[in-house]
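Below is a structure I'd like to ask you about.
Labels for the chains are A, B, C and D, by order of writing; each one numbers its residues from 1.
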Amino acid sequence: MAEKSYRDAIREAMMEEMDRDPNVLIMGEDIGVYEGTFRITAGMLKKYGPRRVIDTPIAEAGMVGTAVGMAMLGLRPIVEMMTVNFAIVAADQILNHAAKVRYFSGGQVDVPLVIRGPQGAGVQLSAQHSQTFESFYAHFPGIHVVTPGTPADAKGLLKTAIRGKDPVMFLESAALYGMKGEVPDDPDFTVPFGKSRVAREGSDVTIVSFSRMMQLSLTVADKLSKEEGIECEVIDLRTLRPLDMEPAYASVAKTHRAIVVQEQWKPFGAGAEIAASITETMFDELDAPVFRVTGEDVPMPYARNLELLATPHEEHIVRAVKRVMYRS
Amino acid sequence: MAEKSYRDAIREAMMEEMDRDPNVLIMGEDIGVYEGTFRITAGMLKKYGPRRVIDTPIAEAGMVGTAVGMAMLGLRPIVEMMTVNFAIVAADQILNHAAKVRYFSGGQVDVPLVIRGPQGAGVQLSAQHSQTFESFYAHFPGIHVVTPGTPADAKGLLKTAIRGKDPVMFLESAALYGMKGEVPDDPDFTVPFGKSRVAREGSDVTIVSFSRMMQLSLTVADKLSKEEGIECEVIDLRTLRPLDMEPAYASVAKTHRAIVVQEQWKPFGAGAEIAASITETMFDELDAPVFRVTGEDVPMPYARNLELLATPHEEHIVRAVKRVMYRS
Amino acid sequence: MILIRRFEEASEREFRRGKIGGYLHVYSGQEAVAIGVISALKKGDVVYCGYRDHAQALALGSGPSRVMAELFGKSTGISKGKGGSMHLFDAANGLYGGYGIVGGHIPLAAGSAYALRYRNSDNIAVCYFGDGAMNIGSFHEGMNMAGLWGKDGLCPVLWIIENNGYAMGTSVERHSALTDLSARVRAYNIQTEKVDGQDVFAMRGAADRIVRQIRETGKPYCIEAMTYRFSGHGAADILQPYRSKDEVEKHRDRDPITIMRKRLAEVSGLTDDDVKKMDEWATEEVAKAVRFAEESPVPDGSELFTDVVAEHGPHPVSEDNG
Amino acid sequence: MILIRRFEEASEREFRRGKIGGYLHVYSGQEAVAIGVISALKKGDVVYCGYRDHAQALALGSGPSRVMAELFGKSTGISKGKGGSMHLFDAANGLYGGYGIVGGHIPLAAGSAYALRYRNSDNIAVCYFGDGAMNIGSFHEGMNMAGLWGKDGLCPVLWIIENNGYAMGTSVERHSALTDLSARVRAYNIQTEKVDGQDVFAMRGAADRIVRQIRETGKPYCIEAMTYRFSGHGAADILQPYRSKDEVEKHRDRDPITIMRKRLAEVSGLTDDDVKKMDEWATEEVAKAVRFAEESPVPDGSELFTDVVAEHGPHPVSEDNG
């Protein structure tokens, strides 16, 4: 085990896999000569050369489409989106091509393709650059959607993604890039898809979340424990497709109360699926409705004070926890 | 009042608005010379000429983007998508441009733009051509999402869309084009956004739905009434953004049981938002969890028998109704 | 080519009989474009097309029975009945689809070409697309990337514009600002050549030379095949208000099958009797294919849930649906 | 132009001071491209740009104070602080944004041009975009539609390629298969012209002539302005591993401000003293703008929920958030 940043975990996962398998390559805008806007790919062009580290034109649909063509012939392309916002222009390639060709070909091809990049708000990038896309992609069958919340998961889940046979939307949290955490040294350390984890144990309220909001939930849980003696159990979903709700259900069987925390807009957001699933399965165990903590339902404003108002904060989680405990 | 098809209702709404307001125009692939793949625009080129009935190249992003530019300068373009599936290639124009420019400009422009076309499964169009997109678009603030389920609503809601100041995704059900129903004659008949309606009254179970599945729910409700004496109240949401849940809540206060019916994939689908909202607001009134009836979580297969297995049918709704009544 | 024509006629007939569902786009009139190029390929080359893909599948050797079974949505179809007419797929024979989103497959072909070269193979990718497909963003992005990668010899792809004059009901003049479509391709530094798409010998001759060049250089090349479709855009295109009967008749004078017959009569003494025999054979093959398709079983219900993903497949909602 | 330069210097400074957030892309080195064209426009013309938009806003008369206030995220900003650097917008002065998705605004400009002509106005649309933006699908789709509509005189749009040699860190040779970018535009039947983007007189001269032609014909036209940016791509681009210091220095010899000064000295006897005065004025204007921005209030919290839609605005989730 060594302490590593979320950024380095991602970088190492890619480099170890490139070392292990010559079929792995990476492509994206300004990942080579420029070394990456977030420096995730720094040094890679030099190490692997331009055949395996491909600087592309600004053409996200072209990037994903060509990568699908590579993947079907057995390469394992990783497509870096400078930010996941730009992947919308490739939505058709992702959702109608990558995610469907296995099915409509009757299973004749694998599509081992990873599309990864940072998403999320927080540094005043305004309306077109601050979004998160988990529910957008997770609605569609045929593609896995991964939302790591720790450096270890970033590494382990990315390795699973690269070694797999299916397209993966690997949604990183830009705000977590600098976060440090223990990461196993074993180069074969992987984290399987579809295994949610209990990130913190607790007996009073279940908080279900993922990515950055899962970290925020942990902070709040510790505070609530110290300051008010409320013990929250935090469930980290890790992957939204496949979605493993079992640990959340088990937790609700214990706590009888749950909230969901997500960064993006409430309507038709990820939290709706999670809340609806909990209610469907655990209705008789619930002592309160499952509340959702979410960002405001507005395009992201530029001004710092407005942006802060638009995103969920500790106090929102605290309030929701107390609300399901009928303490508000 | 006159009996009209859903198709004619749409066509008339457009033509009446084009007659009323010279700023209204329509653009799309093969809507002019070819007269429209679904013949919604038959005769329009002849009547309004090529400036107002624009045959476009196959370029959905270009169509929506140019329409946004027209709308900001005061025209009222209607963009016909041959099917809504093709709008994915324009997702960025719809969600990052049309839906956001009012906000990031600080309210300097209106974007009176309607994007409309048929969606849905049922005629063996396989994986890339059979999808519905209500949750995909309704997640994003800045755009209205309309899902009419009757000819009258098709006409009245489309008129509201055309006369409005905001971009609208107007999602028609291809399977309902031939359906007939009473449509008011008044050329100023409009149906407001954000007003769900009680499509059928009942006291036992609330069925919340929209578009074609709302019609299927009505059929099932009548059957259950006749055959088993179960009275379902059917709520037609009409628009998913804005989403008016009040009639559903009022209904649940009476029935204490609800199900949601949608055609598309369950995970992160529209039903999740509806179910989660009902539970959030009406938890204490519910005698059973809100169940979701949905299509199977697979890309649409081509074979007829598989397609039939992939979409919701009467018996699924019947089973869900009985399940929330604990009669299964 | 005769087989293709008979096959397409049969598929239109079976569509009208309700045996084939969905959209159906036939290749009648354009046969030389598929045959002329595909006959010049070798094992390991990969072919991409749009939804008008029956001819390519047949040319690659998928076999009329398995293709017809696919159109019928049967388990014996080349994609187990899951894809249908628009998504023919036969990886073993080099057919990588069969795509329904216009132009969406163009970048895929460029990527596959890159993959072939990455592995130091001398195989190439071939990509068919229509004149109308040249107006969508993915065409542009795919072409530019091919042009760029081609500079380093890393993109052995042969683009084939099936310029049949129309995108559905919109003529080239009405959908493209410049009707010299090849000019657009040259703007990505890709060599182009217009070829008579009604003449299979012209197509084959060009293909032989060009395919060899692509194998050697690893650079993309584009053939603009000037052709014409005799049938409607799809089976639903009955009225065809965008073109006159006269126009269609005029083009029938340049039926690729007639041109081929005449030419073969000249150079190798093909007789009317030979042709009759070929025709009978093709008719019989197609009839067999229809019988095979008809008699084949529909896919098992469990097939609904397979092939979605390799791992972590779907949970059947029918289990929770009430 | 001097005002723009001083403004950009100030905005970089204020970014480093943490007064400006987000991404910041400045125009230093490219000033003549904005000024040369925009000074040739008239009331009612509309201008579109990407995220590198400060110069266009200033050239259109948005005023340095309101622009700087926008960068500071203040309520007095031209978009009430909601858009920021990438989304400057000033409809009253003809600026229709300020867009952050590369190339996404290109079709918008074509549509606005159509709208102007639809209403029989002789106003035109102008659209700025970078060399890198020419690789994305929306460029292609927008250009073809402009070319098509132009055939009927229905698309009076002036495209300006701001060819500064780089898309972020990727040089033109590395992102475009053919480096003659204008050739791509000609493939849509649109007239093009390469102009020295460092020489404001060359830009203005071309613009005068071309703008007149567009007003008359309703047809699109494209200027490829050959220019160079002196600063990094954005404020975060410190290392600039993709170009050498030497290269930047060499281009500084062709600073558009120096070129303008020299030329004005020749033709109208502009003295160093005049320049000094202009510089002092510009510096003072910008200082005032910074003070104005600094002293302005942030937007009221209620502004979060306005301008989302005209009707049926959002329900604040903070009300349900616990």
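Keep this in mind: a residue touches a chain if its C-beta (ideal position, glycine included) is under 8 Å from a C-beta of that chain, and two chains touch if they have at least 3 such contacts.
Quick caveat, the model's predicted, so the values are computed rather than measured.
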Chain D reached from chain B - shortest hop count over touching chains: 1
Centroid-based (C-alpha) most distant chain relative to chain A: C
Mean-CA-position distance for chain C and chain B (Å): 35
Computed distance of Cα centres, chain C from chain A, in Å: 39
Whole-Å separation of chain centres (CA-atom averages), chain A against chain B: 30
Whole-Å gap separating chain C and chain D, where each centre is the average of the chain's CA atoms: 44
Chain A: positions in contact with at least two other chains: 56-57, 59, 61-62, 85, 88-89, 92, 96, 103-104, 126-128, 141-142, 280, 291-292, 297-299, 301-302
Touching two or more other chains - residue numbers and ranges from chain C: 79, 81-84, 87, 99, 101, 104, 135-138, 140-141, 144, 148, 174-176, 308, 314, 320
Chain-level touch network, classified as line, ring, star, complete or other: complete
Complex interface listing, chain D residues touching chain C: 135-141, 143-144, 146-148, 150-151, 174-178, 183-184, 186-190
Chain B-facing residues of chain D, complex: 46, 48, 77-84, 87, 89-92, 96-101, 104-116, 118-119, 125, 137-138, 140-142, 144-145, 148, 152, 154, 306-312, 314, 320
Of all residues in chain B, those that touch chain D in their complex: 25, 50-51, 56-57, 59, 61-75, 77, 89, 92-93, 96-97, 101-110, 141-144, 164-166, 193-194, 242, 280
For the chain B and chain A complex, residues of the former touching the latter: 61, 85, 88-89, 91-92, 95-96, 99-100, 103-104, 126-128, 135-136, 138-142, 240-241, 243, 264-265, 267-273, 275-277, 279-281, 283, 286, 288-292, 297-299, 301-302
Chain B-touching residues of chain C, taken from the complex the two chains share: 21-23, 70, 73-75, 79, 81-84, 86-87, 99-104, 132-133, 135-138, 167-170, 174-176, 236, 239, 241-242, 298-299, 301, 303-305, 308, 314-318, 320-322
